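Just below is one structure, and these are the notes that go with it.
We just call them A, B and C in the order they show up, numbering each chain from 1.
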Amino acid sequence: MLALLWKDLLLEFRTKERLSSLFVLALLIVLVFVFALSPEQIQGPEVEAALLWVTLVFAGMLSLQRSFLLEQERGCFSGLLLSPIDPGTLFLAKMLGNVMFLLLVEVIVAPLSLTFFGVPFSGSLVMLPIVVLLGTVGFSALGTLFAAIAVRTRAREVLLPIMLLPLLVPLLIAAVKVTSAVLSGEEWNGMWFRVLLAFDIIFVVTGWLIFSQVVQE
Amino acid sequence: MTTWVVEAENLSKTFAWVPVLRDVSYRVAQGETIAIFGPNGAGKTTFLRLLATLLKPSSGTLQLFGHTPNDPAVRHKLGFLGHDSFLYPDLTPIENLTFYGKAYSLPDLSGRINSVLQLVGLQDWGNIQVRTFSRGMEQRVALARALLHAPELLLFDEPYSGLDAHGLATLQTALTQTKAQGKTVIFTTHDFALGLGLCDRALIFDRGWIVWQSDGSLPSVREFSELYRQKTQSSSLITQPSSLSPHHS
Amino acid sequence: MKRFAPFADNVLPWLTLTTMIAALAMVFLYVPNERVQGLVQRIFYFHLPSAWNTFLGFFIVAGAGASYLWQGNRFFDLLAQAAAEIGMVFCTIVLITGSIWARPIWGVWWTWDPRLTMVVVLWTIYAAYLLLRHLGGDTEQIARYAAVLGIIGVLDIPLLHIAVRLWRGIHPKVDKMAPEMLWTLLMCTVAFLCLFTWMLWLRLRSLSLREEITTLRRQAVATA
């Protein structure tokens, strides 16, 4: 599995296309929000939290598609299947790769958007990364699974959002709620946290188990 | 009791519910070299990919080295070379091979990579991105990839296509070497002379069936051309039932 | 399926017809007007069973999909497909009837209450499933992908439910119901269940017939 991760990282390092386009896209989405909403409307942590997650989701989908598009060229995916690497491991490796890329982007975009929106950061500094991590993991789990499906289907660009977004709703609701609470330093309902955790666990495990069905021809 | 490397029984495969391979049964023993001929769309590639465990049969059974295809131990013994090279164009041959080497958990990786690159004559090109290679060179690296883990069963899908002169020579050397090592080779090709020259047994596929298989001795190239033309007349109005059944020799 | 056919073809339509007539009679003639909400409340008798059917459809899609992944039997794939289409129909009915009811009672056509939200999301999951099948074409691969989508969808439902409920809540809760209302509801549920099964059967039969025709056609071409 380490080999897989190393390979993906090396590929990215070579071309730098994924990170750079992700980053630029995320930034652009933030800008769109800035212009779509006037500064007075951008009150408070709820909007900021919403923005953060919307950006992550849309930029994330781009990242997911790229991750599998690379494998489609020259039939590399078949090469992977040919090898003794088991599909579950393949899934986890791809998922972790996606998580890493997304986190890298988030690390820069989050503080940046906070400053753009001038939202005072009064919350816990420790909780925010944790929430972002949990949300990203859940997103990547389902995302990796469906990106693998979408990339091998005809209408791939449009199919991924169509399949992924409805299923992400619980994750989004929970993530935004906790994030906005964290940003404003309020108390938040522990249940949300459990929802996030449950989401992550259920879908990472399911993805790991079911990926062999997806890659089989 | 010969140990069968490949045992296929009533193998079928459908794509979009259309049968592409019908009820194919064949056995290959250790050390044999098999050549598969047939027109495009006859099911040769599908058959090969089934043997390579890249596809799952829609029905029928397949045994490789006495195991089911799902057994991970089988993967180490298979080598496949197809039309796609399975190489990452943004990486160098060495990086590609290192990756696959790790995927196969091979010991002494750099040593192996060196020797296999030498075999295909690309030892000086190890550190250049595959993206810049010509098709012939890329296929040679792909060959290196297929041979890296020293598989027992080599499956080559039209290996002669896409190769330049140097590549052809390399392939011939590699194949004869592999034969000498007692390994099993199954390949598809459209080149009668090359194919017949190398194989022990031959088959012709047409429209999903095996329409002819050699018994004991191989025909000459001229005899074979005639035979091939006969057996694969897909536009013929008069269909001979025997040419469509899998049990014809 | 063959064994079910005689029952389905002969008995089921009549069963559906009679139960539906009985249900309609009960809804409009038998049950008294609800105290608070008046006439509009009767929609509830169609609304709730439709909701049950939506969920039933979902579970069939997931179950048949899992069966297909396990065994590769095309029948289960067709079943999943039919169930998704029928389930989608009922999901739409739930949304529309809910809306019709909401307007006079709450004064709005729509609101983001947990149950409504959940049904909307379910609708989009159904839509995703049907789009996947439609855009992807009819292959074993897509059948497998659709099955995966169905299974994940079903796993998502409890999470969706919890999340959406934590989020808001004003959907009417039904606690005490007069016996007439209970009977009416029961009748309607049974009637809608028959309707669901019959529609499912019709669709399933149409899909498998189409499958047979295509196979025959291909065989004819192949041996020509």
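To be clear about the criterion, a contact is a pair of C-beta atoms (placed from the backbone, for glycine too) under 8 Å apart; a residue touches a chain by one contact, two chains touch by 3 or more.
Predicted, not measured: the structure shown is a model, and the values here were computed from it.
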item	value
Chain pair, A-B or A-C, that carries the greater number of C-beta contacts	A-C
Chain centroid nearest the full-protein CA centroid	A
Farthest chain relative to chain B (centres taken as mean CA coordinates)	C
Chain centre separation in whole Å, for chain C relative to chain B (CA means)	49
Inter-centroid spacing, chain B versus chain A (mean Cα positions, whole Å)	40
Rounded Å distance between chain A and chain C, as computed from the means of their C-alpha atoms	32
Per-residue multi-chain contacts in chain A, two or more chains	216-217
Chain C residues counted as touching two or more neighbouring chains	137
Interfacial residue positions of chain B with respect to chain C in the complex	14-18, 58, 207, 239
Footprint of chain A on chain C - complex, ascending	69, 121, 124-125, 127-128, 131-132, 135-137, 141-142, 144-145, 147-149, 151-153, 155-156, 159-160, 162-164, 166-167
For the chain C and chain B complex, residues of the former touching the latter	72, 74, 137-140, 211, 214-215, 218, 222-223
Complex contacts: residues of chain A adjacent to chain C	142, 145-146, 149, 152-155, 158-159, 162-163, 165-167, 169-171, 173-174, 177, 189, 191-192, 195, 198-199, 202-203, 206, 210, 213-214, 216-217
Complex contacts: residues of chain A adjacent to chain B	2-4, 6-7, 10-11, 14-15, 70, 73-76, 78-86, 216-217
